[in-house]
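Across the two complexes that follow, subunit A remains constant while its partner is subunit B and subsequently subunit C.
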Partner chain A sequence: MSEIRVALAGGAEGFRPGEEVSGTVSWNLEIPPSRLEVRLFWHTEGKGDSDVQIACMETFPDPGREGSRSFRMRIPDAPWSFSGKLISLKWAVEAVAEPAGVAGSAPMVVSPTGREIVIGKPAE
Partner chain B sequence: MLARENPFAAARVLKVRYRLDEARWADLIARLESLGMRGAIVGRKGHGKTTLIEDLARRLAARGHSTRLVRLESGRRDLPPEVRAALAGGSPREVFLVDSAGQLPLARRLWLYAASRRAGGLVVTAHRRGLLRTLLRLETTPQILEAIVREVSGREVASFGCSARELHRRHRGNLRDALRELYDVCAGRSLARAS
Partner chain C sequence: MKVRFRTRHGGPDRPVSVGGKIFLSLFLSVFLGMGLVFTYLVARSAVGTIKTYRWEETPCRILESGIREDSSGGSRKFVFEAAYEYATPAGSRTSRTIRLGDSGSDDPTDAEKLLSKYPKGASARCYVNPSNREEALLERNSLWSLLFVFLPLIFVAVGGGGIAAVWWKPKPRPGIDAGTVVEPISSKGKRSTALARGCLPAFLGLFFVVGAAVFYFAFFRPGLKVFASRSWPQVPARVISSEVGSHTGDDSTTYSVDVLYEYEFGGRTFRSKRYEFLGGSSSGYDGKAAIVARYPAGSTTVCFVNPEDPTEAVLHRGFTKTYLVALVPILFMVVGGGGAILAFRSRGRIGSAAPGADLAAARAMPATPAISGPGPMKAAASPAAKFGCLLGVALFWNGIVSVFVWQVVKAWRAGGGLGCDALFLLPFVAIGLFLFGAVGHAFLAIFNPRPTLEISSHAIAVGGSANVSWTFTGNVSRIDTLTLKLVGVEEAQYRRGTTTSTDRETFAEITLFESAPGMGGMAASGTARLAVPADTMHSFEAPHNKVIWKLSLRGAIAKWPDVSEEFPIVVTPVREGGGS
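Now for the complex of A and B:
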């Protein structure tokens, strides 16, 4: 079975804007992909259509059926991770083997405190 | 409940696939082939047309067809330029699947139907019957709504304060709108009541 794993360095999940996120992507695929894309991106989740934006991407051409590579990307200053009743904004690093589209991801939080901002909750 | 926890968030609902068993899929594809790979999926808003055409594209690709799924955003009145170019150039092996083709102006629809005769096929979705033969007319039922609610939330519709029948009727069979109402309920808003 095809599998892609994304591991963030040190098992970190909380990051501050402007920091670097690094880690390792490893894959074991049934069909060798033409390229592997590692994307730092955010997306929204809620009642309506989802917005998605890729902040940074690294491409590994002809990565072979199996292997692992390290990555390092700078996190932009915004937007920050937040969650309210109508919408949540989430960050993640995902790796996608193209053209088959097999993917794996690791969630992360981006905010000045490194914790998700919860809308409607008093600041700690 | 926060949006990321809401079982009726759009991203989770979109993972629910159209409910057709293998026999009905085989019938559908056989009918499409008997119609020369040209047909329309007809149904009202929120009845699963987009989900079905996405799944059909995957099924056709798995059977060796070259497919191109074209999603027309709401209000879009023309085909994307690259699709027009591909159709104008003739793509004898490619099956074009155009979601929401019914929103194209009549002149563009006529052009699409004519140009696609040189392609490997054309499947469209529309709210009502049109120039292409109807491949499948979609209807929804309270039972389908109940099954989807159970799939995404693990709960019965009744646990949200109304019956599946009432919710289905209130939204005139539009499952998307019914699920959005349940999103609001989970977000802490009260359930709308039939007038």
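Now for the complex of A and C:
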């Protein structure tokens, strides 16, 4: 069974805009990937079609069948994590073994308070 | 700490049964088969054309030339015929081939042009096949005809691609349990990049190119001829034949003015079939029949002849109503060109996945105003612009509906009943009337007092504030109550099937100013403090999801459209500590 784990440093989940997010990605795959990409990204959920944006990415070429690497990336000023009646915006660090597409991720919250901003009623 | 490992099964779509796949494949194979046959035929012809460009250019002499009328196929065709002599190492040879696959045209102009170019006894150039010198051409086919190869390839792509899509199964990816597919969420960011950067602008650009090409040939070029022909001399002409041409298509018949006439210019007799510069055929028999009736066979009339190319003549050199139809491609140009520009401009905002990514793009902020300091605010849409848009929509809608209504009225006047057609049209007519009502409402709103807003800062941070002042021009005393609000709206766009919908939800509505009832007229000018809550979301703009902030100014007027204007503002993110 292939597995990728993303662990954020210190078990942190809430981050301020402009801060650095660091952590470790570890993997154990059945077939060695050609590269491993660690992506800091946001995406929307809710009623609208999903929008996705990768803010920052680190690539580890020929990472082997199993291993562990640390990463460090700077979070942009915006957008902030929020939830409304129609839209939710979520941040995460995702590690993807290419070309197989095996992935593992760790969610995070980006806002000035480190907590998700709630506008109106939360999205169902 | 939460760590997730996701797998996603199959996909949301139900698999098609084998029977369904076979049916779809049979259906698509018709496209594929037809496409392949036509591709072969067109490609064979194209290869033949290309080969002639390697033939030897050789001097020749025109032994005889003329135009033959061929009525064997049921319609009259004008075929240019010539015999020409050329020299080969084995002695002189004679050929009668003009072009590859040329069988004449129902318009004599082309044959007349060739006759002018190759009169009897003239010296010319012909093209001789070096592999077989018995074979020669007087004219080579245009290389532009090679573009037709792409036409049947569309059918091949639809048929072949469709069959492949029906039967294609994604291979289980290595390292993943059989039957499951992992699709990382962030990978969508990469796909949308490719779409936004390449496919979408290219697809919309194709609309523009096709629209521009059709506009050029259908309107622009004939329109230029209309102006150029103002200086063409008027020449007596004799009508040889006159009839309404009938062209039967798959589901309708179109008609054309087919008047063949001859005229003399520069000592030579020419024939032409051109009534006006806009060629082709269209629906509507009566109009064409009326024109044809003005030119009975054997009658004499006048035509206008191009003195630089006497093979070119026209009976009517002005604009007609038909030219309005030829303006339709402008819609394609506007939709295609505008869409391509928008898609191209938005390509950098979402989807950048490069290492060390473009953080500015990742912020997904709406375009910040050109001025960040104090200054006047721009309304989302002025009353005149709203009126113009509504008028355009109403004219477009009612223009189309009126064509069908006219057909129903014509049938009714001819003695037929109103029937189901009229019933079917009723809701469309009702929408048309509603649109005209809205146009009237928007027209009245143009005469409302107009507000001008000024703001102390165009970029307001979350938790920040600014001063807003307003002044009215016009008869402000008509306003009963005036309210100014700061409004925050979520906007989500989604597709269900082929329909794209947009939902909006107001999540913040903060009143900045509200006059007492009956006192709106006293507020011809004023100032209010705008404070953006500290715990809210900044402006956000992605292709399908937005957080929009705006100032909404409403002035209620009794028995008249209200003043209702909106002024978008950008609420910027701010880091803890104050910097943005």
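To be clear about the criterion, the second predicted complex is superposed on the first by the 120 of 124 C-alpha atoms of A that agree within 3 Å, B and C clash if a C-alpha of one lies under 4 Å from a C-alpha of the other, contacts with A are read in each partner's own complex, and residues count from 1 in each chain.
Convention: a contact is a pair of C-beta atoms (placed from the backbone, for glycine too) under 8 Å apart; a residue touches a chain by one contact, two chains touch by 3 or more.
Because the structure is a prediction, the values reported are computed rather than measured.
Within the superposed three-chain model, A:Ser50 lies in touch with subunit B and with subunit C [touch as defined at top]. Counting the residues of subunit A touched by each of subunit B and subunit C gives the higher count for C. Contacts of A:Leu86 after superposition on the shared chain: both subunit B and subunit C are touched. By the touch criterion defined above, A:Thr59 lies against subunit C but remains apart from subunit B after alignment on the C-alpha atoms of chain A.
Subunit A residues in contact with subunit B (one complex) as well as with subunit C (other complex) are 43, 46-50, 84-87.
Subunit B contributes residues 1-4, 6, 8-11, 180, 183-184, 187-188 to its touches with subunit A in the complex.
Remark: subunit A residues 1-8, 11, 13, 16-18, 29-31, 39, 41-44, 46-59, 74, 76-80, 82, 84-87, 89, 92, 94, 96-97, 99-107, 112-113, 117, 119-120 touch subunit C in the complex. Put simply, subunit C touches subunit A in their complex at residues 1-6, 173-177, 181-190, 192, 350-357, 359-365, 462, 488, 490-495, 503-508, 535-538, 540, 542-545, 547, 573-576, 580. Across the complex, subunit A meets subunit B through its residues 43, 45-50, 83-88, 90, 118.
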